[in-house]
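Both of the next two complexes hold chain A, though its partner changes from chain B to chain C.
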Partner chain A sequence: MKNYDKILKDLTPRKFNKLGIIWTSLLIVVIIAGLIAYIDQLIKGQVVTNMRDYALWGIYISNFVFFVATSFVGTVIVAFLRLTHKGWRTPLVRIAEIISLACIIMAGITIMIDMARPDRLLNLFIHARLQSPITWDVIIIPTYIVLSFLLLYFPLLPDLAILKKYYKETKPKLSKWYGTFALNWTGSKVQKAIQTKSIKTIAYLIIPVGFILQTVDAWLFSTTYRVGWSSTNMGAYFISGAFVAGVGALITVVYVIRRTYKLEDYITYLHFDKMGRLLVLACLIYLYFNINEYLIPAFLADKEEESHLRLLFFGKYAPLFWFVIIGGLIVPIIVLTFKKGRKPLPMFIMALLVVLGSWWKRYLIVTPTLLHPFLPIQGVPESWRQYFPSLHEWLITGATLAMALLIITMLFRYLPIIPIQRTADENELLKTDKNTES
Partner chain B sequence: MENNNNSSRRKFLDKGLKLGLVTAIGGLGLSKIVSQLNAKPDSNSHDKMELMTTDGTLIQVDSTEVHAMDHSQEHDKKYNVREGIPNRKFVMVVDLAKCKNALSCQSACNKHHYITGDNAWVKVYKMQESKDTAPYWMPTTCQHCDQPACVTVCPVDATFKRRDGLVLIDNTRCIGCRFCMAACPYSTRVFNWSEPDQGEITLTMDMEQHQHEASSPEHAGVPSVKGTVDKCDFCPHAIDNGELPHCVTACPNGVFYFGDKYEDTVTNGDETLRLGKLLEDKAGYRLMESLGTEPSIYYLPPTDRLVDFEDGIENYNEFQSVEKPE
Partner chain C sequence: MNSRLLLFVIISAFIFNIGSPDLYAQKAKKNKARLNVQYVKIMDGEIYFDIKASARIKKKTVKISGIEINIFNELEDERIDLGKTVTDMDGESRFVLKSLNEIKPDSSNTYNIVVSFKGNESFKKAKKSISFKDAIIEAKIITKDSVNYISAILTDTETKNPIVDESLTVQVQRLFKPLRIGEEFNNTDEDGTIMVPVEEGIPGIDGNLTFEVVLNESDDFGTVKAMVTGSIGVPIVDESTFDQRTMWSPRNKTPVFLLIFPNLLIIGIWGFIVYLILNLFKLSKS
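This part shows the complex of A and B:
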């Protein structure tokens, strides 16, 4: 079996190689471009976007919903698998925790980008009204950020202590930082007991909070009268959609990490197989809610619903709609049902499709509905009847995505991607098991 | 003969009795007035007067304590902007039978609220329910709902509902999230996507005129603020001056009736009608009643039309509601 030194060598953070540097600089360039666009938006107002009085929300909101959905991976993988004692989660949990934290932080930032008066942000607290779904969001997003952070941080403590020791000679400065964050972790029995209990409590807490987060997000839409939004299906629909987006994002990141850091020994075919099954389950559930969401209104064919659905099924949005349903759900379900499909590369491609589909899915939830008000669109410039994001919106949205990736990249740079202590413990356990057997 | 005598005597008795009664009452009243006129502040008369206080309770006051006073102007004007004008409930009736898309309402509203964007607050929709039914013109303002969806979803209480029925916006508080616009089923709300170009000179002049009410939710658009929501305010600034909203006075066809539901009266400036009777006689209705938003705007169906629908076509501009200076 792998000995401790090899594990340590394999799993301690590594410096960026050439590709890593190029990747990080690319992200920074995209972020700077977005920042410039955002400053321009602050100066000129949201006139720089293509949003107008009818398409009053655009990709800022759909991107926000995407981030919120993707952050659900922390709840699904980490909390569910931890509480059900699934052993195969070990090399995946930290990656999931990091994605989750990065996405929920970016969700908070994205929603502020959509606010036309960010200078009045404090009004949300000073004049808060509990009946507004936005206030629910203001409460639940910071809660989820804190829980996601703690769920990442507490299991990290033993590893930080290990890193402190590891870098003591070679990089004393870095070692000191790890020491500070390790909170004097010694691995004593008392400390371990407290840690286990805390992690368990947070894992229990984050499940209802994650569900509430997704549901509140759904209710932002379903508490309006709009066609395509006012649906009782919305909460469950969003939770299952978040399940899909989260697991999809996890697989994509895991694949890239495994290749760049050569972690084939730790993240094996078994893990891909398990994640593949999970993604099929997620996609099937989401497909079920999609059928509910579209087929029943289509069956009733209420006049407003009908024109809305016609636009999605056969109209302007049809290519996108069918890409999302077929490319983002049905094809992955079929491919991943076969054992050959659950090999890393095909899974990566499918997961990428799922993530792409998830992003555009949110666009399809937000935009077509807004362009379908109850009273006809009259007396406004013709261009207001359409919506496609402007350059500013793309730059800013691109920057938020890049920032999420940058947070993930930087955390991978300085934190052990795979829990060292736990991996070592598990190996130890295996060894002792074998010893007792033999 | 005997019969005749009988009846005339009966008449005489009847009249005499009535006359007597009137004199008695008159005399009693006269003596009361005289005694009151004679009463002096220091004389301790035991005459009590029954009066009603402003909150509606009956009280007895010694008549010597009662003094006449001028009608208070201040009292009516001083009210909380968020509470509204006390004991009023403003409503509007729009008679679709009279509308021929003259668009005077729209241009008057645009002028008085300095609307320079691309989306007017008052719109005249070209409507046709189905291809077999007649087309008609439908002016809309903010519906000032009693169960306003926009107010429910506002996270900062920037848009609020008043007791006098008005839904207004405090654009110094609005954070620009546009949730109210998404929530409004009538698409009545308008956003200031950029710095509004309202023509500074006219605006400052107007603001100096109404200095006491500068930048109040009661006069929307004076001034409009970048990154906040605007909409029809039902013109409380005009109501304060005893005037009707601008769209009502501007309409050449008397389409708009404005009034007070508690008084059961609405007027379009030319004629004043009983609201209840008008709605009953002409089968008034409200837009999207089934949503339960309880609008304050009533519509009278476009029956027995005074004007041809076709007359309005030449004014109809599908893509413009605010005239732009060349």
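This part shows the complex of A and C:
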């Protein structure tokens, strides 16, 4: 049982140490480089990218799909574990909520980056056709952003009130800010009832919305009659892939946070063990859908499918493809099946592999298909038949990833990483009503 | 002396050669222009001359665009200026007559038309003449023993005599190119008549088919075309979904189910979101 003061001391936001400052500065530098590249793209147009008539979707879209997939962690960890009353979720939920919010915000921004004329963004709403999956995407992404924000915000209220009180003497200005966002939280019965009801509503709501988000994302591809995309498996395939990407990202961040903020007392081996099991389950499901996705077209050996699969299995995408399948799925499954593999460091390495595999997996979903059109375009330069991102694309994509990490870093800087009130409640340290939701 | 003479010859040759036209390479050789003209008469319609201008340059036929062509009606002792026309990008031009009364025939009732090009800096002048007599085609659809036929009579306008043993083409108007029906050659008999059976099952809008009977580029009469329309085709069933609510329609024709269910879903989800935001207000007030 932990002392309340120790909990407060351990879990209240802390200033960046030297490493934190270097890390944040590095992210800002990457973002600035990306911003310069983006301004250049705005001025010169998308000719600065390597996207042409064949590969009209490139790294921006694969990065967008990665962000959407990773944002699924909010649905998986927070909602599922909350509704199934898994007590071990407490130190992980806020991290998951923050990753989820940062990723879905960046997904929205990334899709705007892919638009050659972002000033025409409003046209997506004004001239929306409900028949188009792009319209469904335009609707569901803001919805998921709002829900992810609410999922983070409602459980934060008691902690914001605690922080207001905690910083009242030492940092009155900061205390005032926390007070404003705490919405006069006193922990009264009425407030707790409203909060509990609201969190439960979000938990129920975010599951179908999360599923819709991933499915719509999949339908962006599967509703186009293209090799490698035209598949009824796509919706479930994307949901399971998002499950993998989300849990992988969570484990990676949890490991770094635990080490940086020395939270070993709160995020224990038990949590890694549970997350490891969850990741194995996610990877197994995703592997099953991958087998479905590649085995049946290979069995049917349709001419176009065959050439597409040959490119993936033995062609120039083969190293990447096998890295994604073996490195990003099979190796983590094997390692994490063993108890020793579910210790923090091996877990971190495996999760990092999973995240890298997840990112490249989206690249493999988007690009090779585009290079296999049913009607080859005549009289185009040979370079248009190939695609590899340009420097502008790498810089801009790097900046979006850095931006997501910066949002996560800044939220960790000013918010309690682990719910204070809930942790205290679990340790029966506060003489308030129990079962505060978090 | 001999050397002086040699020097004189060289200098003279040099001086006289300066003025030689062979030295002016920039004075380009003009190409020969070729004109082609065809007389076309549409029965109960317009009469026109289709003119094409071309040239052979480096063993390739090149269309001559943008040149002015004059059209004349030539009589024994007179040349009547009918007007002028300019060739288009394809080197083609159409000169339309309001009626055949605008031109006059010679004593043998033959119409003589001359098209001429004055020439320019690139092409030499050229002209082409054609002669033709006036003929008419009377076409109709008849039905014998439940079979539809296109019947046509070709007559010389001047003599009112049927024109015998001329080949007529019978075709149905289609969207891109006419569809020929009947034999390859449908020669007129001693009455100047042809009879071509119409196959069953030719589709047409509301079952209407327009047939063309054509005397094609005859040496004596030029091209004469008669058209006849009859409701003897198979009506085309309009399978267009243009006016329907489909997945591929514009936004004002969105399928009803797609208007109802997604909107219900959106309203439902956002209803909960509004409820949650209201809860935030409630929290701050409680």
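Couple of notes before you dig in:
As a working rule, the second predicted complex is superposed on the first by the 427 of 438 C-alpha atoms of A that agree within 3 Å, B and C clash if a C-alpha of one lies under 4 Å from a C-alpha of the other, contacts with A are read in each partner's own complex, and residues count from 1 in each chain.
Just so we're on the same page, a residue touches a chain if its C-beta (ideal position, glycine included) is under 8 Å from a C-beta of that chain, and two chains touch if they have at least 3 such contacts.
Note that this is a predicted model, so its numbers are computed, not measured.
After alignment on the shared chain A, the placement of chain B and chain C results in a clash. One of chain B and chain C touches more residues of chain A, and that partner is B. In the superposition on chain A, A:Phe374 makes contact with chain B only, not with chain C. Once the two complexes are laid over each other on the shared chain, residue contacts for A:Arg52 go to chain B alone; chain C is not touched.
Residue contacts after overlaying the shared chain place A:Ile134 against chain B, while chain C stays out of touching range. Contact with chain C, but none with chain B, is seen for A:Thr143 once the two complexes are overlaid on the shared chain.
Contacts of A:Thr170 after superposition on the shared chain: neither chain B nor chain C is touched.
By the touch criterion defined above, A:Gln195 reaches chain C but does not reach chain B.
Within the three-chain overlay, chain C meets chain B in a clash at only one of the listed stretches 79-87, 151-159, 169-177 or 223-231, and that stretch is 169-177.
Annotation: chain A residues 127-129, 131 touch chain B in one complex and chain C in the other.
The touching residues of chain A, when paired with chain C in their complex, are 127-131, 136, 139, 143, 146-147, 150, 153-154, 157, 183-185, 188, 190-191, 194-195, 197-198, 201-202, 205, 209, 212. Chain C contributes residues 247-251, 254-255, 258-259, 262-263, 265-266, 269-270, 272-273, 275-277, 279-280, 282-286 to its touches with chain A in the complex. Residues 118-120, 123-127, 140, 149, 152-158, 173-179, 181-183, 185-187, 189-195, 226-228, 288, 291, 317-321 of chain B are the ones that touch chain A when the two sit in their complex. Interface of chain A with chain B (complex): residues 44-47, 49, 51-54, 56-57, 114-117, 120-121, 123-124, 126-129, 131-135, 138, 220, 223-226, 370, 373-382, 384.
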